[in-house]
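Next up, some structures in structure tokens.
Two complexes are shown next, each including chain A; its partner changes from chain B in the first to chain C in the second.
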Partner chain A sequence: MDTLLATLVSGLVLGSLYALMASGLSLVWTTLGVFNFTHGALMMVGAFIAWTVSEAAGAGPVAGVVAGTLGAGLIGIVIERLVIRPFYASRNMLLVTAMTTLAVTIILERGAQMIWGPRLKQLPPLVDGEIRLFGNAISAHEALLLVAAPIILIALWRFTVSSKIGRSLRAVGQNQDSAALIGVDVPTAFALAFAISAALAGLTGALLGSIRFITPAMGSEPLTKAMIVVIFGGLGSLGSTAGAAYLIGFIEAFLVLWVGLYWTPFALFLLMILVLLLRPNGIFGKR
Partner chain B sequence: MTRNNLLLLALFVVLAFVPQIFTDGYVRHLFIIAFIYAIIASNWNLSLGHCGIFNFGHMTFFGIGVYTAAILTKTAGVNPWLAIPACAVTAAISAVIMAAPVARLKGIYVVLVTFAVNQLMVQLVLSQADLTGGAKGLVRLPFLTIGDYSFIRDYKLGYYYLALILLALSTAFLILVAGSPFGKSLKAVRDAEDYATARGISVARTRISVLVLSAIFTGIAGGFYTVYLRVASPEVFGFGTMSLVLSMVLIGGINSVLGPVIAALALTFASEAMAGIGGFEDARYIVIAVAMILVLRLAPGGLIQILERLAPTGQKPATPTRSPA
Partner chain C sequence: MMPLLDVKDVQAGYGDMRVLHGLSLHIGPQESIGLFGPNGHGKTTLLKTISSLVRPTAGSITFDGTDITGRKPPAIVEAGLIHAPQGNTLFGNMRIAETLELAAFSKRASNGAEKRLDEVYALFPRLAERKTQLAKTLSGGERQMLSIGCALMCAPRLLMLDEPTLGLSPRLKEELGAAIGEISKSGVPLIVVEQDIEFLLSLTDRLYLVEHGVVVREIDRASAPDHEEVMRLYFGEGGTH
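The block that comes next holds the complex of A and B.
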């Protein structure tokens, strides 16, 4: 029973992380129709900026998280302007932007390596101490992640459903031309969606920076998991993406328990292939 | 024979004489690495350019070749001459596994699955450290020899010609595939999927076949690479290698056989030259990534398109002139 609960808790932590990552990917995909490969690198940049502000400049972890979030958001706007906007008219926009964002990932990762060097870095936790959850001790910082993820997801969902700006993002995602006709500024909507997604990545990175080490390559593993999440859940809606994120978090935690840490990626991958063979648009995707 | 094929032939003739001009091991080493990259890039182009499959997992086939050869020669003690062809088989098998879901998927999901396959291979290699050596990799693999003659002697002359022969075989293979009826069905699947289906071409079967075909020489290149360097490390699946080869495909010109080969030669030497500049160890990847974005922005067809714009080939309709008779 103890193992089961411990596994559930660890699945919940993983699920929260994946949900934060994948929701940003989903937002950019539904609005711009672009798969953003820089998402993991933006997360990494957010963590490094948070470290610089919090540790190197000594402004404290809260200021660090805020700076990491805003910094990543700003970089996101620049990326959208430079390597995505010029290709809107391209016939192969999907493929071309996949390649340009991949190139930007290289630039960010190597750039981080040059700026911050190879030494491992870590952020102090936002909150100290431990919390007991179902009889399992987890760090208060991880508990914060557990609480923050659903709040952020719900806030994002309310934003896209209820607010005027959020609805204009969805309108642009559904039909650019009609959205432009009814007075939505399409380029601004694109930039905004990208900035929100990038800021989310930066926030995730800043939060993860006190659980894992901050390295230039730290974004690639969460990005891969986020990709598996969107393969499972489909990229279409925030709800199914978030649902799939928690599902994958739990599956991964149980796989670690059953087949061990070594075989988990492989088992997860086989599961993904199976899902794709049976339901090419994801478990929650429309047929 | 088209003009591009003649250019290729001329290129190979020149390359055959390179070892007579550059006798030091280092320049030959760069050529050998460039030939390997050229094989990977031009074969990647087969699925990406000719068939329009958004394949981001091509380096998986290369990595499978690398680890097949490394494990066979180091752990199982197989002769490298047998291990290298075996890489074609394992790479082709991995292509079938990757192709099974890809055959039915569309658009972004193809990108996601192929990319995820590649990332998961990294994790698999890292986690199965008993077999693969994990992050440290497998080192000190046996030398390639014929009888008593080790290929490392005479400043890598043997490796140079073997790499060149592999590149020539791969290029001939690609030209044959592209020119065959199957090659035309690839283009049909890429440009007009519905029409292709209507004409009796199975899209799924074409995609699986093209992925397997593109894996064969890529796997062999991986096997040769690891036997030549005597090292196998997870780097081969990494982002850095992948983006370097992808930039060769893009800069060379998607959809051509000659372009990626020339781009591989040029970029290997450019990248190596930049590595010589102090502090450019990381910056050179940034330079190449920026070049990749610029090519996509300014010349989406790559260098080959620029060349053709400068000098139109005989295949294109000439400007109409009044015939004298």
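The block that comes next holds the complex of A and C.
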């Protein structure tokens, strides 16, 4: 019983992390029609900026998280401008931007290695202490992640459904020309979607920076998981992405229990391939 | 008198393919015009060039005395020059009410948006009945209504309609024709693209025949062509029997 509960709690923590990552990835996909491979690297940059502000400059972890979020968002705007916008009109936009974003990922990872060096870094938790959940002790910082993820996802969902700007992002994703004809500036909408997505990645990185070590490659595994989540949920709605994130979180937690840490990624990919074969539009995707 | 819209020697196209070869036309301050002619000869490209979805490579477009050539689409919408595109080109996964509310996006259109929303629902009661329906689940006629409704939400000072009755049943066509007539009567000048000359003559003051990317003929409602002449216009001298 204890193991089961502990696994559930661990799945919940993983699910929150994946939901934050995947929602940004999904936002860029639905708005720009681009798969952004820099998403994991943006998360890593967010964590390093948070560390610099919080630890190196001594401004504290809250300022660090804010700086990591905003910094990643700004870098996102620059990336969109430099390696995605020039290819909007290109017929092979999806392929070209897959390559340019992969290239930027390598540049960001090497750049981080040069700037911050090889030594492992970690952020202090935003909140100290432990909290008991279903009889299991988890750190208060992890509990904060559990609470923050749904709040952020609901805020993002309300933004895209109710606000004028949020609706315009959805409109651009569904029909660029029609959006332009009611006065939406399409390039600005693209930049905004990319910036929000990058800021979410940066926030995730800054929060993760006090749970795991901050390294230049720390973004690659969460990116892979976010990719699985987005494909698993069916590219499209925020709701199905969030649902898939928690589902994958739980599945991963139980896989670790049953087949061990070593075989878990293999099992997850096997699952993803099965989903793609049986339901090409994802578990929650509509035909 | 200064024209509301003045299109001068406009050339435009897609990539290497040029569609408009120096097209000129104008529309007076209180006037509506119709465009007709064979498919693929530049009518839709002209509307897209005016609304700046396509950039002209030569020529000039003046709206209300201001040169708007090469301005970005949001600036054109802000000026009140509104283009309702052809066919099913809306936001499939948005509800009708949401789409219409969003359509009043520009700064100018956000003033009085609620009043205009009521007017759109009064003009198209069917949209009012289906407020929460997703756009992709609408019929062809309802999509046209939504498209025109969106254009009205933009508070047009000049409204361009691209084949608003394409593929509709005669009954629906009549219904939409009446609605477009209402819009025109409310004081919004129109540019209507259609194949049906009778339909155009019932709505507009002057017609332009567009062929091979230029205006080849201008027709006044007063001197409207008879049926045989229309056939000749479409099919050439050998077309009549």
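Please note the rule applied: the second predicted complex is superposed on the first by the 287 of 287 C-alpha atoms of A that agree within 3 Å, B and C clash if a C-alpha of one lies under 4 Å from a C-alpha of the other, contacts with A are read in each partner's own complex, and residues count from 1 in each chain.
One rule holds in what follows: a residue touches a chain if its C-beta (ideal position, glycine included) is under 8 Å from a C-beta of that chain, and two chains touch if they have at least 3 such contacts.
Bear in mind that the values here come from a model prediction, so they are computed numbers and not experimental data.
When both complexes are superposed on chain A, chain B and chain C fit side by side without a clash. Our angle of interest has its tip at the CA centre of chain A and reaches the CA centres of chain B and chain C; in the overlay it is 90°, to the nearest 10. Using the contact criterion defined above for the overlaid structures, shared-chain residue A:S163 touches neither chain B nor chain C, since it reaches no partner. After overlaying the two complexes on the shared chain, residue contacts for A:L181 are found with chain C alone; chain B is out of touch. For chain A, the partner touching the most residues, choosing from chain B and chain C, is B. Looking at the shared chain after the overlay, A:Y262 reaches chain B, while chain C stays out of its contact range. After overlaying the two complexes on the shared chain, residue contacts for A:T100 are found with chain B alone; chain C is out of touch. Superposing the two structures on chain A brings chain B to within 17 Å of chain C, judged by their nearest Cα atoms.
Put simply, chain C touches chain A in their complex at residues 51, 53, 72-74, 77-78, 82-85, 89-94, 98, 101-103, 105-106, 109, 150, 153-154. Looking at the complex, you find that chain A touches chain C at residues 164, 167-168, 170-171, 174-175, 177-186. Of all the residues in chain A, the ones that touch chain B in their complex are 29, 35, 82-83, 86-87, 90, 94-96, 98-100, 102-107, 109-111, 113-114, 217, 220-221, 224, 227-228, 230-231, 235, 261-263, 265-266, 268-269, 272-273, 276-277, 280-281. Interface residues of chain B, counted against chain A in their complex, comprise 54, 56, 97, 100-101, 104-109, 111-113, 115-117, 119-120, 123-124, 127-128, 239-240, 243, 246-247, 250, 279, 282-283, 285-286, 288-290, 292-293, 296-297, 300.
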